[in-house]
Amino acid sequence: MTTRRAVARLPLVAPASVGVAFVVLPLLALLIRADWAHLGTHLSSPVVGQSLRLSALTTSLTMVAVWGLGTPLAWLLARSEHPLTAWGRALITVPLVLPPVVGGVALLMTWGRRGVLGGWLESTLGVTLPFTTAAVVMAEIFVAMPFYVISVEGSMRGLDRRFDEIAATLGAGPVRTFRTVVVPMVLPGIAAGSALAWARALGEFGATITFAGSFPGRTQTAPLGVYAALERDPQAAIALSLVMLLVSVVVLGALRSRWLR
Amino acid sequence: MTTRRAVARLPLVAPASVGVAFVVLPLLALLIRADWAHLGTHLSSPVVGQSLRLSALTTSLTMVAVWGLGTPLAWLLARSEHPLTAWGRALITVPLVLPPVVGGVALLMTWGRRGVLGGWLESTLGVTLPFTTAAVVMAEIFVAMPFYVISVEGSMRGLDRRFDEIAATLGAGPVRTFRTVVVPMVLPGIAAGSALAWARALGEFGATITFAGSFPGRTQTAPLGVYAALERDPQAAIALSLVMLLVSVVVLGALRSRWLR
Amino acid sequence: MSAEVFLDARVEVVLGGFRADVALARGRGVTALLGPNGSGKTTVLKALAGLHTLTSGHVRVAGRAWAGDVRHLPPEERAVGMVLADPLLFPHLSLLDNVAFGPRSRGMPRASARARAAEELGRVGLADLAGRRPSEVSQGQAQRAALARALATDPELLLLDEPLSALDPQTRSATRADLAHRLREFPGATVLVTHDPLDALTLADQLVFVEDGRVVQAGTPTEIIARPRSRYVAGVVGLNLVHGTLAPGTPATLALPGGGELVVAEVPAGAGAGDELLATINPAAVTLYTAPPEASARNLWQLDVAAVTVTGQRARVRLHGIPGTDLVAEVTLGAVAQLGVSPGARLWAGVKATEVAVYPA
Amino acid sequence: MSAEVFLDARVEVVLGGFRADVALARGRGVTALLGPNGSGKTTVLKALAGLHTLTSGHVRVAGRAWAGDVRHLPPEERAVGMVLADPLLFPHLSLLDNVAFGPRSRGMPRASARARAAEELGRVGLADLAGRRPSEVSQGQAQRAALARALATDPELLLLDEPLSALDPQTRSATRADLAHRLREFPGATVLVTHDPLDALTLADQLVFVEDGRVVQAGTPTEIIARPRSRYVAGVVGLNLVHGTLAPGTPATLALPGGGELVVAEVPAGAGAGDELLATINPAAVTLYTAPPEASARNLWQLDVAAVTVTGQRARVRLHGIPGTDLVAEVTLGAVAQLGVSPGARLWAGVKATEVAVYPA
Amino acid sequence: ASSSPGTPAGGTSPGEAPRTVTVLAAASLTDVFELIAADFEADHPGVTVEQSFSASSTIVQQVNEGAPADVVALAGQSSLEPLEQDRRATEPVVFTTNTLELAVPADNPAGVGGLDDLTADGIRLVVCQPEVPCGAATQTLFQQLGISPQVASFEPDVRATLSKVALGEADVGVVYRTDVAAAGDRVVGVQIPPADNVVSSYPILAVSDSPLAQQFIDEVMSGRGQQHLAGAGFVAP
């Protein structure tokens, strides 16, 4: 009977297996072709440590900003009944499509010294953003925040409105309600959105190299390091990628098992 | 009273506004700096039409593959109670983090002439994948499918199991149930996942350039066209990006209003 | 329960196509708000809480204006407590922190808020479960915690929206006792929305019936049981209600609007032919027969069974066929079997004239 | 309804810590399956449908083996139809296509499947609504469509899991009539899970009571009404049940396990002292007093009110205090007010010996 | 050439003596400029050279948008054109030149031996896209030779071109001589006769008024700098 059952499921299992294989085979190939013998050497190069540290730093700062800005934004989008909300939502989605390099150019046009805001920033505050670690973080926020907002807004829309109302009758204003009721209640959604956004920020390349350049230790994140190494020392690039994969599987796996259903 | 209310909401509205501004300002800067006077000239260049057509073709093929492979995969992941399922899910997430260029390298290592499978493909079937339009589609599938699977699996897990059971008692086997019950019932989730995946495929650059190269009309998609144009004629690149943005806002907007809540 | 007006409100709210306009002027104590589905009960409660903005009207509680022509205090600035059918405890907080949420939000330091919360939980008999998460307690316990939470802010106005309706019958009964006990100690005004006559009769000093956004009858439970003024109100207190015009001549007869008639034993003093009257018939006084009987019942109709419901060994049979009204009869389970009472069956129903109570419309 | 065995099953299923082991051997016709929450009714139904795999046992329907030692037909290969409390109509299909889903899945061409579906919809009175989406019909209509869908595949075994429980009382009654009507025409065997005694009494030929995964009593409705054998069964038919040992001497008295006693008027022929007996008391035969009365009731207890529920003008009062059992009394609403019946009150309850029916345990 | 993360770039703030010099250089200069920067830092105690290597066009875009840089070194004269006049603090000077070379995989499976093989059947040729300097030079080469070989892909930069060859996907690629040298044993170079070859000039200029900018340019032009360049395969102008 079991075999009959298996045959009946084949039209589902076959394409699903192809799908898995399609994604997993290249990862396996990376593993197979990795220069395991010299992995230690590759990873001990200062560039590797430096760029991984910088990636850890910038993606952490990015997540702080994404949480701080994106969570209230998602909440307002989720609860707004204004007809313009749909537009706001569409605008937030756009950076998903923009080629990252163009995103970097757009950031330069905004925050560069001659940019729409950058000139004013420099003349009044004396701050120049391009080529700084701050620029890396900005580029990562720009590409990662849409993933977060779209995903978190979805969970927030699922939150029963009556919880907000009850909190209000108990004396909690909008901010207190947001902080003590909404955020704790949608934590799983926030975790899922954070995973997507963090993954996107960690892999970010195009906007960063354009807006922030590739200065080792200051703006050369792991993907930029991978790119730089790819020419001279592809095995080091692959080793660095494997470390990124490992880190992200661990981080995502931990998140998933703790938060995601 | 309204002003008091507004003040009370400020700690939410302020960061949300910063968040929106952060994403929208660079888009505005692109619009402001665009060379509107010569937009027609920029867009009439054959490269623009060619690369947009190729992007339309490849992302369409990508979506067909993503639907065909990703939907059964999402369903099996959603209903599986096997302990390995969590691992499968984590593996599927990994390409989100891989720098796209490394993804391209991994694809070359798998499907390239010297790749794990590519060598065998070439010697037995005489098929070489790199530098072909097929390679573009494969690269896009590789980066886009995870978004689709993760998103659709979420909606499928929300589907009441009793619908499957009722369908079974009515005589529908697993495949028929999937086709006639599951897929129609999670269409909104499929639409949301498709939007994310399509956007990701449309913006895809790094894996494509690495795995498929850049040949006008064959593998030079819109983002590759943008990148090429950026070298010599940034205004043409921006014009092309604006067209991509417009197309995607229209496509996503149409999807959103039809399908997304 | 003092007699001075403590809650003085007239709330007019427009929601899409629906419009509620309800006035309440009450002292301290419990007011039950009853009405069919969609009649606007929840709307009124939300307006009192500040969750809907008034189109016109006012809300004054304990002499303080909460809402009026230019004023609309947001809910968090009103001394209000609210409990809905769902407990809606915050799932990420322990019962203690749920109850402490209100005091904390109103600025009490953490330690005092928790002490206060522990005290409130004790009052509803949940002292032992203070550390539990909402998912770890039963529904009845959760609802008691929700009540404690609403009361922990010392509200002046307590709003209860069908607080017992989501509980299963046994839990409901126990929770009703706790609620009654706790309400007796509560010094403010309570507005209790309910569908359950027992809640209304056992918990409230005053009943207000709304239909389609308007008050249709208000009074003490005793007044209402004796003289329901609408079909819905009669249904709540378990009686059949008939509206008719006193016909001339004897025996005293009510002409029913649909064309039938109802013979009654006595009419209110001073009623004359042509007066509009209301009449109630206890369902237990309706006798069912399979064939027209030779009996003393002065009123006899041939009717269709529309529906049957059973509680214990007793069935309530809804009958169709008197123009303009349905008649409910209460019979034993034995009779159901013996008479073949099932939807669609055709039966004779008799009511003695002496069993009809008549009063002015 | 032929007498030959049409459905022959013994299903043993283990789910986590729960184990059901239920045998059914029935001809065509309707079997009602009753039992408390969590007793395993749904588990048995799913096992019959093939949605749970048997740990041991077998399922044979119309002489065909559906499940046994080596065989486990998947649900889609069993001639089965299932209706749950939720209609679970496929929301993306019209009622017609919902009903045609089964025939289509079993290979019928589209046109014939739709013709068949239209016919089934007609039989449950929904011919007019065939083109509507499930969201556009009422719950009662949806449930009738679900029934039509289950029957459109000509199942040999129809499984109904509380098919009326999610409907509001009025709709339930109307839908029960449709169900009764449709079941009368259905040639196969039906297993109906229900909590509602009226469903069981009006729809089923045979009642099977399960508790904790085991059959505790089975028989025709008449047998069961007369002699319930467990507290749960007695509750379903609305009676108080007492388990006791016949004491020696007169008047005939049952010694109750908790230490009390119950005087009865007569005992079953042949019963002797020390025999285990069951006794039922109709709740309407229990009289309540605020003070011990000078009355003919041979049984008198002082008890606490645990819960009160009201239907129409009648209240059911659950009383605590006879060791080992609760007593339910049925009184009028007037009596509730007059006696001050509310949870926590202490009252006297009397039962005449002649009102106690006794039979062997 | 590094500093702690977060240090703002720029040596242009007036008043105090600049401590850093920010150099944006074409990717093909990566190895050489790191050596030159080390020399420069050794000679200027307390001064840090910040370097970012990317595509010449990206560099120009960054400088045009006001990114804080001091020195710019590009591959190919044509890369300079989009650099706005008011960004230029000094006139560009050509500090070195580069020539093209054919790169083939280490095992040279197609047996490429010279320019003639580029037009052979079944040869998979990758070149840089015409928009970038090495691509422009390649096009000039083909024009001079009067050939139009089948190209499999126009890569966005030398790096991508080279990696196609290194991974064996392409049989041959046209890249700079210096890139073949930098790639080590992963690829083998096939010389192009000097007569046929195309010479690309590398311009360098200051884009800020920092005194260190000119000093760094001087270092590049110095004998020591030119020696490093020559060591990597570059040819003095």
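First chain written, first letter: the chains are A, B, C, D and E, and each begins at residue 1.
The criterion applied here is as follows: a contact is a pair of C-beta atoms (placed from the backbone, for glycine too) under 8 Å apart; a residue touches a chain by one contact, two chains touch by 3 or more.
Every value quoted in this text rests on a predicted model; they were computed, and no experiment measured them.
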Show which chains lie in contact with chain B and also with chain E. A
Between chain A and chain B, how many steps is the shortest route if every step has to go to a touching chain? 1
Which chain pair racks up the highest number of C-beta contacts? A-B
Whole-Å distance, chain B centre to chain C centre, using C-alpha means? 55
Report, in whole Å, the distance between the mean C-alpha point of chain D and the mean C-alpha point of chain E. 85
In whole angstrom, how far does the Cα centroid of chain A sit from the Cα centroid of chain C? 53
Which positions in chain B are in touch with at least two other chains? 8, 105, 109, 173, 227, 230, 234
Of all residues in chain D, which are in touch with two or more distinct other chains? 74
Find every residue in chain E that makes contact with two or more other chains and list them. 58, 61, 163
List of chain A residues in touch with chain C within their complex: 160, 162-163, 165-173, 176, 180-181, 184-185, 187
The answer for chain D against chain B in the complex is residues 46, 49-51, 74-78, 80-82, 84, 86, 88, 90-93, 101-102, 105-106, 149-150, 153, 159
In the complex with chain D, residue positions of chain C that touch it: 169-170, 173-174, 176-177, 180, 196-198, 201-202, 225, 237-239, 282-284, 306-316, 318, 328, 330, 333, 337, 342-344
Show me the residue ranges of chain B that touch chain A in the complex, using the header's touch definition. 8-9, 11-13, 15-16, 18-20, 22-30, 32-33, 68-70, 72-73, 75-76, 86, 88-103, 105-107, 109-110, 115-117, 138, 141-142, 145-146, 149-150, 154, 157, 173-175, 178, 192, 195-196, 199-200, 202-203, 205-206, 222-223, 226-227, 230, 234, 237-238, 241, 244-245, 248-249, 252-253, 256-257, 261
In the complex, chain E touches chain B at residues 55-58, 61, 82, 124, 126, 129, 131-132, 151-156, 160, 163-164, 167-169
